[in-house]
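Residue numbering begins at 1 within each chain, and the chains themselves are lettered A, B and C in the order written.
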Amino acid sequence: MCLGIPACVVAISDEENCLALVETGGVRREVNMLCVTDDTRPLSSCVGDWVLVHVGFAMSRIDAEAAHRSLELLAALGEMASELPAMDREPGPYEASGE
Amino acid sequence: MSIADAFAPTDDRERCITLAHGSGGALMHELIHEVFVGTFGAAPPGGLEDQARLDLGGFSTGGDRLALTTDSYVVDPLFFPGADIGKLAVCGTVNDLAVGGAQPRYLSCGMIIEEGLPVAVLQRVAASMKQAADAAEVAIVTGDTKVVPRGAADKLFINTAGVGLIPAGIEIAAAQARPGDVLIINGHLGDHGAAIVDARGELALEHHIESDCQALNGLVAVMLAACADIHCLRDLTRGGLATVLNEFARDSGVCLRIEETAIPVRDPVRALCEILGLDPLYLANEGKLLAVVPATASAAVLAAMQAHPAGQDSRIIGEVVERPAGRVILATAFGGERLVDMLVGEQLPRIC
Amino acid sequence: MSVGVPMKYVDEFRDPQRARRLIAAIHALYPAVGRPLQLMEFCGGHTQTLLRYGIERLLPEGIEMVHGPGCPVCVLPRERVDGAIALAARPEVILATFGDAMRVPGSCQTLLQARAGGADVRMVYSPLDALLLARRHPEREVVFFALGFETTMPATALTVLQAARQGVGNFSLFCNHITTLPTLRTVLDDPDMPLDGLLAPGHVSMVVGMQPFVRVAAHYRLPIVISGFEPLDMLQSLWLLLGQLAAGRHEVENQYARVVPAAGNTPGLEAMARVFGLQAAFDWDGSVAPEASGVRMREEYAHFDAGRRFPLPGRQTTMPAPPQCEQVLMGRLHPQACRHFGSDCTPAAPMGALMVSAEGACAACYHYGDRECCA
């Protein structure tokens, strides 16, 4: 029910069956685009879009604006709240830096 | 014309192994010489015997204990990105010796071949085994060949046994982890498991992930040179890092605590795990080990590992603490904590 | 993991620094609510995130997270697994299934055990892979074990439509989809299960939109936030829930707006409506019995219904799962409070699906160690 992964449409692979090649983290898979295409947003225009993939189907086109707003809200929340002392954890000696 | 030629198919089909090749007669003799002896090394001057004869004098220096191990390899497909069943069969057994502190010397090689396997496949596997053996500086000195009817085996099964010498004073055991010890691995996790999970193409994922299959005896040698008192050492095969961590914690009666941010995983391996709902901590590796090292020696061991080709991406991932005994704890990047439990059975890709 | 190139739309929502600030914001806001709270995350995927990132322990002490029944494998009756095994045992059948279902116990065995016994059971990632199997093996019957809530139903429906279009005659579904709202309603109607707020399943909403949950919020006067699945999504959603509780509101907020469109997914809903009988779920007016959460294939596509194409074993006297399973599933009992948890019920010897499914509350608690030892 839940495992959906964001991926970028890199190529159209099968116009007739509405299939596109998507990629995330260097892994690619062909997915069905029927749920995210229509007359206003045809398959051919989807290259470069980010979609949410579930069981081999693109189920939603990811709204970059909404993602950005969400992250901005999180940043604003951070500025409002004061850090609790318990949360100021000393970085451990084994934490990788700058990865 | 040799007997083999007499039985060769007269049409253009590939030459294949038949039951006759396993029957002990002339065909089998031809096969052994053509595929194995020719590849693994010349037969002794007097000819092949039923056993390899190894000079004990060679064993009297270099160690005070003989290490002996065996393992069988049934991987499907036979050839996958980065390695094949032959390379696995050599490196896996070499590594089982190496993580006991032994210097591997000799391997045996037993093959169970399904009728119908192309001879060319067998030749390719043998060549790969020879290459891996040379890289590990071990010799394949004896072997066995059986052919079974179609369906009685899945293409090819290989068993390798190996012997090596453990130098005096080297005592490595799973029960030796102590609070304060440092946990070190030699590189990225999950490459082999990720390469295999879709090697048959059923999940239709495209990627460039390759198995990390490699011999670790050279790396272990430099580690022991930097610190003769390495407490625990094991290679991270099936069940991944999580399994070995749990084995050490249980056998030593301590807690192994690892830092999530310190665990190295390659980007495509991570992506594959996200897509399939897998956890890299449980993915198989074929060229990675976990060392439990006294804190005072950890810097020296880490430096020695990073200077070796098989350990360039080595890093410290955690430490041994007292409690909770027998458990493995992961410190999450959020400042939370969770258990790293033993898996029951293999991980399966999921959609939920 | 030490991150190389960040995965877009994933790693930003796992950022530890933002998480710490969010947790601080939650702690700062909680006193405005000022009472103990029971909040439910409906979806098994949300339960996984909570436990995997150790989030629950970082929340204020008065907040208790109740694990909901949103695990489609966990709510699968045993006789349905028996049905799948019976189909797989037919010599002409290839049973294609998601990995999730492989270890779920039927009356006697799991699909994995049936495979070991010779049944042709194959794991697939997508129902389209099952259809491809059918086209590659015209001499066999390929049956797809279709399960999942509304998230997965469009995929199944579109696959059936493609099979019809391509005239694939040897493909069928063993349909075990269920709808969310009747299951949710069973929980919310439980007088022993008073909830103060709900994290709604983000990927179900991706398909069905916000409207079904708007009616739930109004009917039960329950604050609801549609949540994404990354840890920051859940923390932000919890913060939004606290905001509603502090202000005395009970609305539906869409925290997962980057993925969830307010109206849901039209092509997906249309395909579902064509292939499945779904009136009960979407015209829900509060009067539908929870039993109607099962999904049936429409008459027009009956030939793709394995339940009608093949004889299935009748309802046997199945050994039911212990009553605690349903208690835990509905959130009335915390997994550790079950007397079987960790003793005679473990992942190695599960008494029910909740201990074996990746999303099951018991399996998640056991695996990620929501146990005293981590205190």
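We take it that a contact is a pair of C-beta atoms (placed from the backbone, for glycine too) under 8 Å apart; a residue touches a chain by one contact, two chains touch by 3 or more.
Note that the coordinates shown come from a computational prediction; the quantities given were computed from them, not determined experimentally.
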| item | value |
| --- | --- |
| Pair of chains joined by more contacts [C-beta pairs], A-C or B-C | A-C |
| Most remote chain, CA-based centroid, reference being chain C | B |
| Euclidean distance of C-alpha centroids - chain B vs chain C, Å | 38 |
| Gap in Å, rounded to a whole number, between the CA centres of chain C and chain A | 21 |
| Chain C residues counted as touching two or more neighbouring chains | 2, 4-5, 7, 10, 20, 23, 44-45, 71-72, 98, 125, 129, 148, 152, 359 |
| Shared interface positions of chain A, touching two or more other chains | 1-3, 5, 24-25, 54-56, 87, 96, 99 |
| Multi-partner residues of chain B (each touching 2 or more other chains) | 204, 261-262, 264, 267, 270-271, 274, 277, 335, 350-352 |
| Chain A - residues contacting chain B, complex | 1-3, 5, 21, 24-30, 53-56, 87, 89, 92-96, 99 |
| Interfacial residue positions of chain C with respect to chain A in the complex | 2-5, 7-10, 12-13, 17-18, 20-25, 27-28, 43-46, 48, 70-72, 98, 125-129, 148-149, 151-152, 154-155, 158, 162, 201-204, 206-207, 229, 232, 236, 239, 255, 257-261, 265-268, 271, 359 |
| Contacting residues of chain C [partner chain B, same complex] | 1-2, 4-5, 7, 10, 14, 16, 19-20, 23, 44-45, 51-55, 57-58, 71-73, 98-100, 102-103, 112, 122-125, 129, 148, 152, 231, 346-348, 357-359, 366-369, 371, 373-374 |
| Chain B residues touching chain A - in the complex, by the definition given at the top | 204-208, 259, 261-262, 264, 267-268, 270-272, 274-275, 277, 315-319, 331, 335, 350-352 |
| Of chain B, residues touching chain C in the complex | 202-204, 260-267, 270-271, 274, 276-277, 280, 324, 327, 329, 332-339, 341, 344-345, 348-352 |
